[in-house]
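In the two assemblies presented below, chain A is common to both, partnered first by chain B and then by chain C.
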Partner chain A sequence: MSRLFFREALCRAMAEEMERDPRVILMGQDIAAHGGSYAETRGLFERFGAARVRNTPVAEAVTVGLAAGAAAAGLRPLAFITYLDFLMLGLDPLVNYAAKLRFKSAGQLTAPMVVKATAGAKGQGPTHAQSIEPWLMNVPGLTVLAPSTAGDAYGLLKTALRAPGPVVFIDHKRLFPLGGVVPDQEETIPVGSAALRREGRDVTIVAHSYMSVVALEAAGALSKAGIEADVIDLRSLWPIDWDTLSASAGRTGHALFVEEGQEVCGVGAELAFGLQERVPGLRVARLGARRAPVSASPVLEAYTIPDATRIADAARRLLGKGAA
Partner chain B sequence: MEPQLGTTFYDVSMNEPRVDLPQRNIPDGAERHRRLQALLFLRQFEYALLRQPKPGFQLLSRGQEAVAVGVCAELKTTDPLLCSGRSIGVALARGVPAGGMLAELIGKDGGPNRGRAGRAHVSMPSVGLFGAHGVVAGNLTVAAGVALAQQQLGTGAVTCCIFGDGACGAGALHETLNVAALWQLPLLLVCDNNGYAVSTSVRDGLAARQVIDYAAPFGIPAASVDGTDVDAVAAAVGEAVAAIRSGKGPRFLDLQCVRLGPHSTLTREERPPAEVQAFDAHDPLRIYEQRLRSEGLLDDARWAAMQAQVDAQIAQAEQFAELASWPDAAEAVLDV
Partner chain C sequence: MIRKFVIPKELGESIEVRLLQWCKAPGETVNVDDALLEFETDKAIVLVTASQPGVLRHCFFGDGDWMKPGDTAAWLSDTADEPLPEPGANLDDTLIVAFDAT
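== the complex of A and B ==
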């Protein structure tokens, strides 16, 4: 095992997959000599050259379209979207072409591509901060991954680069500088498998991406007050690991769904409904961003996005123990 | 849970009638007969489609057949062709068997995509039809990606994308032109310019005086061509394809043609009646028939024989489509 920063784990996954499969190419803004907006492609341009590590103009529609077409025609492209917000500009080729290609061609064409997009609020304001994962979960044909640890980032990105169809791989600005353990041996993590990060008995807290980190912090605080929480890191938003969720919720009888994005039609709304169908008598609650754009002001941003205190309070309310 | 793997795809019989594909060569008499017969085949096929009990929501190619036939005449099967939702003529000219195409259009299992794709999304990569796409301008960026793959894999293939004049106001065209020029992609962009985006004329919808003006700022060589003249189309496409194949980067063609009918089988005709009537003089089939007659390459007997042969082929295609089964409803969730 070695310790790597999240961004380094991504870089190692890309390097290994590019070494393994010459069809893998990278395309995105500032990924070549600059080394990536988050320093996550550092060294790849020098190692693999300009044909496989391509800077693109600031044009997300053609960036995603290039990836979709190149994938359909035999490459395995990874397209970088600097802020998940900007994927809105590239949704047409992703949703209308890539996600439907296998179905509409009756299996003759597929689009084995990855869109890596960076979500999350970190002081950059309304259009550099959104978490719109549920939009993507809503699309048949898309696999949606959102790891929170360096090890998972490594294993899941490798899986994404081998997947038979389009994958949206969502990372988070606050995760890049975090360190974590990455296996020395090559390893992949299957899609649709959640991770139980912490075991408790009273309540199941379900999160993904950076909110998994915050949920663990909240679980620590709850523990001091005698409440023990399971914390499940979804890792894969589609497909969903219902087995892991059901096993935990079946034990605790209470599930709190936490996300950084909006609650309305959110990840929590979908999971709470699905889990209640599977776990009779389950009590559920959800917590997401307040219904407002994310501000660039640290005060306003912090008020909008869930934090450990709000998560712990929501868990107490769910358990009928009142807020602290 | 792994995403579902593709099912074995339907093997459309290549023995069923299809267009006798025009060849890439000097247009001698035999080739010109093939071109005329292809134009006729496309026209008669669409009449057969309209005779179906439920033809559905279709965008017909009537008036634009010379674009389809002329472009396809100059592409190899290994050159991926992407097109817009006005795909019927293009698919037939590319060599999709007529029976399978008809089945696909009405949603039956005998189509190349088992009836799932229909007009707007039909594809048959084995004959070089990489696919139609129902989003106006939606296929342009994808075509750039297909061209990038050809460049990267060193296949030597030219990727061709046919789109309507309506796509010329969309940002996707300009992003595609930029990248195609920047990376010198082996990409032929063909504007199938019928002058109208549903009811909005090119004059009312596009600021440029002519669509080739959009290629100019990117340094992409472009030409406007009479898109009702199949020989002129084939000549221009042949020249462009040769340049692209020799590594000279992307090309842009504006093929000006007419849409003889309304936008779709379900759309009201909104164009001025006098203008629509005048289109008859630009009917590519009649123009070509008369030209071959005037050049002594066609007489009544030859024309009658050609019509009889096409009619028989179309009748066979209709029978194929009629006998094709409807897909099992459970297929609706396969290959997702």
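== the complex of A and C ==
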């Protein structure tokens, strides 16, 4: 096992898959000689050349559209969308073409493409920091992945680059400063497999992406107060690993769903409903951003987004123990 | 006087850094503007140069190790023969260094 920066784990996954499959190409803003917004493509332009590592203009609709077309024509493009917010411009080719191609053509055409985008709030304000994962979960035909560790980013990006249909791979600005353990041997992680990050008996806390890191911090604080939490990192937002969720919630009887995005029609809303159907008598709660755009003010940004204290308080309320 | 070299906390949002290499070995003299070590953050490679002279005495991390801002990375002294304190001693004096991020 080696310890790598998050960006290095992504880079290694891309390099290995480009080595393995000549159809894999990269396209995005500043990914060639510049090496990517987070230095995650550093060295790939020099290694694989301009035909396979292509800069694009600031035109996300075109980037995603070209990727969908290239995928239908036989390539395996990875399109970089710098911030997840900008994928709104590329939703038409992604949702109406790529996600539906296999269905519309009765399987004669597929769009094996990956859109990689960076979500999350870290001082970028209302239009560069949103977490809109549920919009994508809502689309049949899309796979949605959101790792929280360098190791998972490596394994899931490799899986995404081999997937039969379009995958949206969502990382997070606050994950890039973190290092993490990545296996030395080549490894992939199947879609639809969540990870149990911490075991407890009292409550199940479900999160994804950076909120998994925050949820673990909350679980540590709860443990000091005698409350032991299971923490499940979803990793895959669609398909959902109902088995892992059901097993944990069946044991604890309480499930708290945490996300950085909005609660309304959020990941937690969907998962809480689905899990209650599977685990009779389950008590649920959800915690997301307060109902406001992400603020450019660090104070207001922190106020709107769940932190470890709010997560721990929500878990206590769910257990009928009151907030600290 | 024995001084410590601390990985600076003024590294923006970096949470962990990786030591790339020491530019001096224990026992070597460090002059003003000499490169002391190179480390990598999630965004940049940082070359650390000494802003005061000394002798590098003990390195607490090796090439490739991960460190956190605030960690003591090395002990230095004014002269080569000053006795070092017990391991784990918390020194007051900090080596003054300059940073050049690329």
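Everything that follows uses one rule, which is that the second predicted complex is superposed on the first by the 324 of 324 C-alpha atoms of A that agree within 3 Å, B and C clash if a C-alpha of one lies under 4 Å from a C-alpha of the other, contacts with A are read in each partner's own complex, and residues count from 1 in each chain.
Here is the rule we go by: a contact is a pair of C-beta atoms (placed from the backbone, for glycine too) under 8 Å apart; a residue touches a chain by one contact, two chains touch by 3 or more.
These numbers come from a predicted model, not from an experiment.
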| item | value |
| --- | --- |
| Three-chain arrangement built on chain A, chain B and chain C clash or fit | fit |
| Which of chain B and chain C A:Phe176 touches, first, second, both or neither | second |
| Touching partner for A:Ala61 - first (chain B), second (chain C), both, neither | first |
| Chain A residues touched - chain C or chain B, whichever exceeds | B |
| Partner chain(s) touched by A:Arg3 [first = chain B, second = chain C, both, neither] | second |
| Inter-chain angle, chain B to chain C through the CA centre of chain A, in degrees rounded to a multiple of 10 | 130 |
| Touching partner for A:Pro77 - first (chain B), second (chain C), both, neither | first |
| First, second, both or neither for A:Ala221, with chain B first and chain C second | neither |
| Chain B versus chain C as contact partner of A:Ala308, first or second or both or neither | neither |
| Least Cα gap, in Å, left between chain B and chain C after the two complexes are fitted on chain A | 30 |
| Shared chain A surface residues [contacts with chain B and with chain C] | none |
| For the chain B and chain A complex, residues of the former touching the latter | 1-3, 5-10, 80, 112-114, 116-117, 121, 123-126, 130-131, 133-135, 138-150, 152-153, 159, 171-172, 175-176, 178-179, 182-183, 334-336 |
| Touch list for chain A against partner chain C, complex | 3, 5-7, 38-39, 122, 176-179 |
| Chain A contact footprint on chain C (complex, rising order) | 13-16, 18, 40-43, 66 |
| Footprint of chain B on chain A - complex, ascending | 25, 51, 54, 56-57, 59, 61-62, 64-75, 77, 92-93, 96-97, 100, 102-110, 140-141, 143, 163-165, 190-192, 239 |
